[in-house]
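Okay, so chain A shows up in both of these, paired with chain B first and chain C after.
Now for the complex of A and B:
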C-alpha cells in the first residue's frame, strides 16, 4: 500500500483518497465545512488548508489526493494562519447568537471557530440580513447564519435526485434558497438539517425542544421499511427528541428519509395504549394484566386459532411466538402480516431508487427466514391473536374474539377486542434482517411506557400457570 | 412540448457556436447572451427554455444567470446604465456618481425610471481601471467620469430620445 506522511505519522492510503479521509484514519482531524464524504468535492469553504511539502501554497485537503511520499503538515504556522483567516471571513456575516441558536453544541462553525479561529473580530461593518422563505413542514431556514458551503445544494442534486436548492446572486448578496421560493418537495429533507454545518437549516420538529448536549444517543436501526437504515435515537428523560442517520456505507450511507426520521412519533403518541384494556360493548375499559393473560390462554388453546405476527417484530419476538404457540396453542396457525401487497421479499424492492423500500416493515425477511407464511386476504378465524410492533398495517380481522399484543394507537384498537400493551422498537433490544438479509440490532433507548410489557414477558406469563398472581 | 419562446434565429446562432465550445455546459453563457440579445431580458420561461436547450436543470441556469451582473433578470429601460463600483472606480468616486445618478433619475440602483428610459445598476469590474470611474451605457463604455460629465451624458441622452 502506498504511504504518505501526515504530521510525522506514516499513513497508508488507497489511490484516490483525499487528505481529509487519510488524516482522519491517522486520528488527525482536519476542519471542514463544504466537504462531506457523501457528496462531491468543491473545495470552496477553504477551511481544510494543509501544507504539502514541495507545493508553493497551502492546499485544500479535501481536493488534494494523497500521493506516495507526500509530506503533509496540518499544524504548521502557515496552516494555522490560513485557517484563522478563513474563519474570520466566514464569520463576517454570521450572527453572534450561539446562545439562542438551535445548532449550538453540534455546530461545525462553532467548533471550528473555537478550535481554529480568533477570539477577536476586526470588522465592525453591518451584517447582511435576509427575509427567509418558508421551506415547508420539515426545514426552517435562517439565511443569516449561512456560510454558503452548498452542501444542501449538492445533497439535493446528488443524493435526493432533486435540484430544488439554488445559490442565486453572488458574493455578499448570495442567497441559498429554493427555486422561486417554493417549499421543499423531497422526502429526504431532514438530511438538509443534518449536513448543514451551521444553524441555517434546522428541523422544525426538533428546534428549541432540547439542547444538543443534553441528548443521550442510542445507536439503533430504523424500522420504517425493509432497508434498515442505521440511525441514532436522541432522547432525554425517556422522551425521544429526534432521530438522525448513522453512517453505514453498505446500507444507507449517511442519509435517511423523513418517514423513518419521524417514525418514532407514534411510539410516544398520547393515544398509544399502554394499559391492558378490553372492549366492553362500544367502550374500552382498563383492566388487569392477569385477567387478559388468563383469557388469552384459555381462548387460544382451542381449534381454529390464528396467530398473526407483524413483520415489524424482531427475530427474537417472532421466534418466541412460534415457541410459545407450540406449547399453549398447538393448533394455532401462524401467519405474518405487514404491508398489503408486499407479502414476500420477492415482492419487495426499491420504492424510489434512493433508500425507501416497498415493504413498510423492517423484518419481512426475518419472518421468511423463520418460515412464517404470509397472511393473504382477511384474517378469518374464531380466535385471532395479533402480535404487532406498531408499524405493520393491520389486516381486516373477522373473529369472535381478537386479541392485540403489542403497540396500538386508539384509532387502531377497534380491530380487536382486548389489548395487551407491548413495546415499540424504541423500548426493546432485538435483531432484524433487512432486505439484503443483513442482520442488524435494535437497541433499547427508552424505558417501557405505562404498564406495557415486553412480548417475551407476556408470552412467559401466559405460559405460567400462576398467571393470576401477576402484579396488575 | 411547450411552444418555444426563442426564435429559430436563436437556435441557428447557437448551432453555429456549438463547435467552438468543449461541452454543452460551456454553452450556457453564450446561450444566455444570445437569448438576452433577442429578448432584452431573461424571464423565467426563457431561462427554462435555455436549460432545456443546454440539457441541464433549470436551477443551474438560474444560478449562472443570477451570478453574472450582465444578465438582466428584470426588464430594463432603453438606456441601461451600469456603473462600476469595484475597487478602482470606487476609489475614484464611483459611489458619489451612483448617488448622483440615483438623485438625478429619481430611482434607486437596480430600478427603472417610470418612463422606461433609464435603468440604473451597479456593475462589477468592467476591466477599464485605467480610465476609472467607468460606466457602461448599453454596450458602450463611458470613461473618466465625474459628476459633471455624467450629468452632461444624461442630459444628452434625454435630449436625443
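Now for the complex of A and C:
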C-alpha cells in the first residue's frame, strides 16, 4: 500500500483518497465545512488548509489526493493562520445567535470556531441580512446563519436527483435559496438539515423542542420500508425528538427519506391505543388484560382461525407467533400482510431509485425466510388475530371475532373487535432482514407506553396464564 | 503583409473596411496559413511550430501557448474543444476588442489552425456580454468564412471540419477565469472549478479543452506564415516571442492600443514615447502595469523592461498588458477603493475569503475615505488582504489582494493621512 506522512505519522492510503480521509484514519482531524464524503468536492469553504511539502501555497485537504511520499503538515503556523482567517471571514456576517439556534451543540461552525477561530472580532461593520423564503413543511430556513458551503445544493443535485436549491446573486450578496423561492419538493428534505454545517437549514419538526446535547441517542434501523436505512433515534424522557440517518455505506450511505425520518411520530401519537380495549356496540371500552387474554385464548383454539402476521414485526416476534400457535391454536392458518400489491420480495424493488423500496414494511424478507405465506385479498375467517407492529397496512377483515395485537391508532381500530396493545419498533429489540437479506438489529429506545406489553409477554400469558391478577 | 513588418496587427486597425474577408484575402494573405496547415502539416508539427514561437498566453497568466496545446491528450476518445476567451474583463484592457473589430478573420483562421492542432471539431468564442457589436461582427465574419468553405465540412479538401459558435456572456468578470468561463459556456453559474483536473484533461463538457485568449489565437496564423523561429525573434527578450498589444490608459496624452515587439521597450518608454507622457504636464505618481489587479509601481520603478519576467522581478506582473498611468494629483486611497469595489462586486461568492474578504476590504477603504476609520484599520486592511491572497479557489482573490497590499506598501502615508484625520473626503 502506498504511504504518505501526515504530521510525522506514516499513513497508508488507497489511490484517489483525499487528505481529509487519510488524516482521519491516522486520528488527525482536519476541520471542514463544504466537504462531505457523500458529495462532490468543491473546495469552497477554504477551512481544510494543510501545508504540503514542495507546494508554495496552502492546499485544501479535501481537494488534494494523497500521493506516495507526500509530506503533509496540518498544524503549522501557516495552516493555523489560514484557518483562523477563514473562521474570521465566516463569522463576519454570522449572527452568532447560538443561544437560540437549534444547531447549537452539534454545529460545525461552532465547533470549528472554538477549535480554530479567535475570541476577538475585528469587524465592526453592519452584518449582512436576508429575508427568508418558506421552504415548505420540512425545513426552516435562516439565511443569516448560512456560510455558503453549498452542501444543500449538491445534495439535491447529486443524491436526491432534484435541482431545487441554488445560489443566486454573487459575491457578498450571494443567496442560497430555492429556484424562484418555491417550496422544497424532494421527499428527502430532512437531509438538508443534517448536512447543513450551521443552523441555516433546520427541521421544523425539531424546532425549539430540545437542545441537542440533552438528547440520548439509540442506534437502530428505520422500519419505513424494506431498505433498512440505519438511523439514530434521539430521545429524552421517553419522548423521541427526532430521527437522523446513521452512516452505512452498504445500505443508505449517509441519508434517509422524510417518510422514514418522521415515521416515529405514530408511536407517540396521542390516538395510539395503549390500553386493552374492546368494542361494545359502536363504542370502545377500556378493559382488563386478563379478560382479553382469556377471550383470545378461548376464541382462537377452534376451527377456521386465521393468524395475520405483519411484516413489520421482528424475526423473533414472528417466530414466537409460529411457535405459540402450534400449541395454542394448532389449526390456525398463518399468513403475512404488509403492503398491498407487494406480497413477496419478488414484487419488491426500488421505488424511486434513491432509497425508497416498494414494500412499506421492514421485514418482508424475514416473513418469507420463516415460511409464512402472504395473505392474498381479504382476511375471511370465523376468528382473525392480527399481530402488527404499527406500520403494516391492515387488510379488509371479514370475521365474527377479530383481535388486534400490537400497535393501532384510533382510526385503525374498527377493523377489529378488541385490541391488546403491543410495542412499536422504538420500544423493542429484535432482528429484521432488509430486501437484500441483510440482518439488522432494532434497539429499544423507549419504555413501553401506557399498558402495552411486548408480544412475547402477551403470547406467554395467553399460553400459561394462571392468575386472573394480571396487571389490569 | 510582409513578414518583416514590425507590427502584426495595428496597421489594420481603425478602418471598418479592413474587417472584410476580401481585405483579409487580398492584403493579409488570408487563410494561406490554414491552407498550408491542412494541406500538409501534422497536428504535432503545428504544436511544435507554436512552441518554437515562444508565444506566451496573452490573457494574463503568460503561460506558454504551445505547452498548453501539448497537454491535450492525443489518444482520448472524447471530443476536444478549443475555446477562445474573448471575455476581456480585466479593467484597462481593450486590445481583444480591436482584433475582433478590425481583424476578425485572423482570429477565425487562428481557431481553424488551433482546432486542427488539438483535434477539435467545434470551437467556441466566449465573448463578454458588453461586446454586443463585436459579437455581431464576429458572427458576420464567421458567416463570410463559412460561405467560402473555410469553415464547415471538408475544409480545403482536407477532410477536416470545424464549426465555430460565438457564445455571449452576461457581464461577469469571473467568466474570464477559464474554468468560470467553461461553466458559463455550459449554461451553469459562472463559478471557477477546483483544479486539478485542468481543462486540458476535463474542460468544456468534461472533455479535453484548450482555452486561449483572442490575441494568442490571432497570432497563430502569423506564426505559421513566418515560421515559429522568425516569430520568436520578433521578441527582444528570452522566452517571449512576437509582439504585444498594449492597452494604454489613464493620465497620458495619447491613450490607446499600441503594438510593440515583446520586451523591446521599458515602461517609461511606452508612457513617454507612445503615450506622449503624463497629461497636462503633470508628474507621474504611479503606474498599474498589467490590468487593475497587478501590483502598483511607483514613478521610480518604471525603468523595467515591459515584459513578463522583468516585471516579475520587481514584484509585479504584465497581466493582460493594460497599463494605467496615474498622475500626481490622484488620490490613491480613492483609486484603491474603486478597484476594490470592482473586485468585491465581481467576486462570484463561492469561496469564503474572496466573498467575505473583498467586501470587508471595500468597507474598510470606504470608512477611510469617509473619515470613519481607526488608525489600526490600515494594518487590518493589509492583514485581511493577506488572508485572501493565495488562499482562494481561483485567482480573483489574488487579483483583489495584490492592489491592496501594494498600494499600502508603497503609498502608506496617503492611507495614514486619512485615518489620522489629516485628509478627508471632499
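Operating definition for what follows: the second predicted complex is superposed on the first by the 469 of 472 C-alpha atoms of A that agree within 3 Å, B and C clash if a C-alpha of one lies under 4 Å from a C-alpha of the other, contacts with A are read in each partner's own complex, and residues count from 1 in each chain.
Quick note on the criterion: a residue touches a chain if its C-beta (ideal position, glycine included) is under 8 Å from a C-beta of that chain, and two chains touch if they have at least 3 such contacts.
Given the structure is predicted, the values throughout are model-derived calculations rather than measurements.
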When chain B and chain C are modelled together on chain A, clash or fit: clash
Partner chain(s) touched by A:127 [first = chain B, second = chain C, both, neither]: neither
Chain B versus chain C as contact partner of A:147, first or second or both or neither: second
Chain B versus chain C as contact partner of A:42, first or second or both or neither: second
Touched partner set for A:58, first chain B, second chain C, both or neither: second
Which of chain B and chain C A:180 touches, first, second, both or neither: first
Contacts of A:167 with chain B and chain C, given as first, second, both or neither: both
Which of chain B and chain C A:89 touches, first, second, both or neither: second
Broader residue contact with chain A after superposition on the shared chain, chain B or chain C: C
Listed stretches 277-285, 331-339 or 403-411 of chain C, narrowed to the one that overlaps chain B: 331-339
Overlapping contact positions on chain A, where the chain C interface meets the chain B interface: 167, 169-170
Touching residues (chain side chain C, partner chain A) in the complex: 172, 174, 189, 194, 344-360, 363, 380, 386-387, 390-393
Chain B-touching residues of chain A, taken from the complex the two chains share: 157, 163-170, 179-180
Complex contact set, residues of chain B against chain A: 44, 57-60, 62-63, 66-67
Residues on chain A engaged by chain C in the complex (per definition of touch): 41-47, 49, 57-58, 63, 81-82, 85-86, 88-90, 92-93, 122-123, 125, 147-148, 150, 167, 169-174
